[in-house]
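Chain nomenclature is as follows: A, B and C, assigned in order of appearance, with residue numbering initiated at 1 for each chain independently.
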Amino acid sequence: MNQSTKSLLSRRNASDSPRAKGARGESDRFYVWTLRGFAALFSAILLEFVYSIVHQSWPAWTHEGLTLLTGTTWNPANSVYGGLPLILDTVISTLVALLFAVPVGLGTALVLNFVLPRRLQTITASMVELLAAIPSVVYGLWGLYVLVPWMSTTIQPWLGRLSGGAWPFSGDPLGAGIMLASTVLAVMILPTIVAISRDVIAALPKDLNEGALSLGASRSQVLRKVILPSAKSGILGAISLGAGRALGETVAVLMVIGGNAQMPRSLFSVGATLASTIATEYTEASPGNVAALGALAVILMVLTAAVNAFARRLVRRTGALSS
Amino acid sequence: MNDSLDAAIQDGAVVGEFVTDPLLQLRKVNVSFSGRVAVRDVSFDVAPNKITALIGPSGSGKTTILRSLNRLHDLTKGAKVEGDLLLGGVDIYKGGIATMLLRSRIGMVFQRPNPFPTLSIYDNVVSGLRFNGIRKKSLLDEAAESALISAALWDSVSSRMKAHASTLSGGEQQRLCIARALAVEPEILLMDEPTSSLDPVSTQRIEELMTELKNRVTMIIVTHNMQQAARVSDNCAFLLMAEDRAGELIEFAPTSKIFHDPSDPRTVDYVNGRFG
Amino acid sequence: MSDLLNTLPPDPIYDRREKIRAITAKTLRRRTRLSQLFVGAISTTLVIALVPLVLVLYTIVQRGGSDLTLAFVTKLPQVPTIGQQNAIGGIGNAIVGTLIVAAMAAAMAIPLSLILGLYLVEMNTRLARIFRGGVEILSGIPSILLGVFAYIFIVIPQHHFSAFAASVALALLMTPVITKAVETAIRGVPDAVTEAGLALGARRSVVARRVVLPAARPGIITGTLLALARAMGETAPLLLIIGATDSSTWDLNPFHSMSALPTLTYFYSNSSFPSQHRAAWGVALVLVVLVLILNVTSRLISARLSRRAQA
């Protein structure tokens, strides 16, 4: 993938006759300007995207100021726009999802690279990646009708008993809530984490594996002491990409988190995230509320863009970025 | 075991009769990948505290033989190693030696330096010992120092043991890999074209090193470079690809004989640079 | 030999070798056991990773499979009434709606992405690199925000929900994915192919259109199908802009609101009629089948591609 050699334009070609050059130079210029024109057009759309969302939220920022970030009550019906519960629910559900998805994802990536025979690797990896193909509304449906009952009658009572009802397993076992949202999110971001960390690990020199084995290392020593540390920054990137997806996931979370904007008290709490609140309240909002919802959109945009930029930087450094 | 030895000698396969008290014996070793034979009927002896060189054109199976000695082919699906490979009289594959133990007795240095990128110089050197369960700081320090001295690296790194291995030059990295392998105190060190990615000065250092290391460890080196084989090795095995692209041992003899008085006309051609 | 050994001074190296071997042998069992445990543990994680896929697919098929009748996929929805609690009708308009929205999105995203992909390959400027960064950031932006954008940009000025607005949001979602695929595929075209075209004296634009893009076609198709599959399943932006989740007409005007499979799934799952709850699984099944067809086709093409590359 040498970036510089492929440009048609950077090629000199020997058959350039002076006469042909005139007409062709003209046409090449047209070609270049077409490419540039569309790139400019698309850039304009991107800028308009950012501008219109920020612009819409402007009244809320001037009016409410930092309350949008730090206020603990979100109640648009009474024009109270504290965004903190939504931000917390968004971040907490993502972090807990990572807690589930990271060990499973990394283990899977290691198995795919080092344990499974070659023939099974591709097919198994494709199956894991199919998880990403299933639409989020389907995960939501599954969460709502299969996981909610299971959580409320089995898992949460069990966790409650086990912990004696101590934080973070306190509260009524409602099923729907932050914990369930995290579970569904974990499933949804798993393929991202697996695919990227698998690529990152596969891009490591084969010599590392053989070098460690040749010193008498066991298989787990190679993986734990050599492979994982060497792939560390790429894996962190993979995790961040997964986190970026989880932060912005809307419908699946909306369907299982309970839809109640309140400061989270435990993992069993019902809640609402930035994205789920925008989805449910936006189209029916009064003008004042629209600005506040726009502010939520800005917060979400900044959050996900920052996490993604960070992630891509890390993954690109390893030379394994494929998606 | 004696049966196969006799058989090999009867077949006229080349065995190191001039090697007394061999540390390692190969008898009719065959290696195949998914049925395709890559190495056929190779037999020779490795003398202790000597350097044995494997020479031959590219694809003649030198690396394949080397990797069969510390069972690295175990990682490759479809790879099959047959014949007898005896370390001190015990078969490496069939004699019940645990692979992990075997590899701590037979170390390896690779074509390209492969220090562990996230570890410091010190942690690289003692990594093999730690893998093998050694925790005692005094033993680690002692082994690290001795290995680094033997690898002619002690003077330049003793003051910066905490630095990352990647801060070393290519030649230094390769010597670090040699030190890392030596620290486990292996009996045999396998080296697969250890200087092919290095500049002439670094190459010369490593060649000098090898001669000095002989009293510490027995070495088997694969090399492309005929002069290198002539300079450093005591015994030399010359391999060539047969019609079906399987590598075969053409001649095994003391290095001086291989280079000055080879018995096989193909060896004559090769050492005189006439093919390969 | 033994005489020789006796004359040599005691050697610290052999001492140390003995010590090391002793410890190595002693720890071997533990290390082996630990290693087996670890490999067992990570193998378990693979199984855990596959469980949700199996469970989700199983549940959808089990609960939605019986809905898959000709009437269900071709008829219009029928709203349950007191008299007819179980009436559900079909989802024909939602299927067609999803296909229309996806087609419109593809019609916008594909040509745009081809040009943007060419731009990224052709231009090696600072500006192009910044542009690439922008496209990458866009690919990580939550889809709900694209819905908000389409709402502000199209729904508000037009004063009504529309399939068109939905397709714009989906096109924005697809463009970074396809652009990336186009760029990667073009960079994979062998230099010789491009040079042969240029050597004939053809214009760059002609070489790009007639030689480079066709040579990159399989990779581009793969990426496009994946993007399309993803867009078809998108629900969040549609919730804001397509309206009419409960539409039961064949109104296919793209500037009107339209029914679509993801929004219908959502609507049914929230419904107060048990029959619609049940039907949500049927809608989800149809949606998953559509998406998986695109996804698997794309995978097969790319598998064939990499097999050919290896040969």
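Basically, a contact is a pair of C-beta atoms (placed from the backbone, for glycine too) under 8 Å apart; a residue touches a chain by one contact, two chains touch by 3 or more.
Since the model is a prediction, treat every value here as computed from it, not as a measurement.
Contact topology of the protein chains: fully connected, every pair of chains touching.
Annotation: A-C is the more contact-rich of the chain pairs A-B and A-C, by number of C-beta pairs in contact.
Averaging C-alpha coordinates per chain and comparing to chain A, the farthest chain turns out to be B.
Look at where the CA atoms of chain A average out and do the same for chain B: the two points lie 48 Å apart. In whole angstrom, the spacing between the mean C-alpha positions of chain A and chain C is 13. The set of chain C residues that touch two or more partner chains comprises 24, 31-32. Residue positions 100-101, 104, 132, 184 of chain B are each in touch with at least two other chains.
Listed for chain A are residues 216, 218, 221, each touching two or more other chains.
Note for the complex: chain A touches chain B at residues 117-118, 205, 207-218, 221, 225-226, 229-230, 232. The residues of chain B lying in touch with chain A in their complex are 70, 72, 75, 77, 100-101, 103-104, 107-108, 110, 112, 114, 116-119, 127-128, 130-132, 177, 180-181, 184.
Chain C makes touch with chain B in their complex at residues 1, 12-13, 16-17, 19-21, 23-28, 30-32. Residues 21, 98, 100-101, 104-105, 129, 132-134, 139, 142-143, 146, 184-185, 187, 216 of chain B are the ones that touch chain C when the two sit in their complex.
Residues 1, 3-11, 13-17, 20, 24, 27-28, 30-32, 34-36, 38-39, 42-43, 45-46, 48-49, 52-53, 56, 103-108, 110-112, 115-116, 122, 124, 126-128, 130-131, 133-142, 144-146, 187, 190, 194, 216, 218-221, 223-224, 241, 244-245, 247-251, 255, 275, 278-279, 282-283, 294, 297, 300-301, 304-305, 307-309, 311-312, 323 of chain A touch chain C in their complex.
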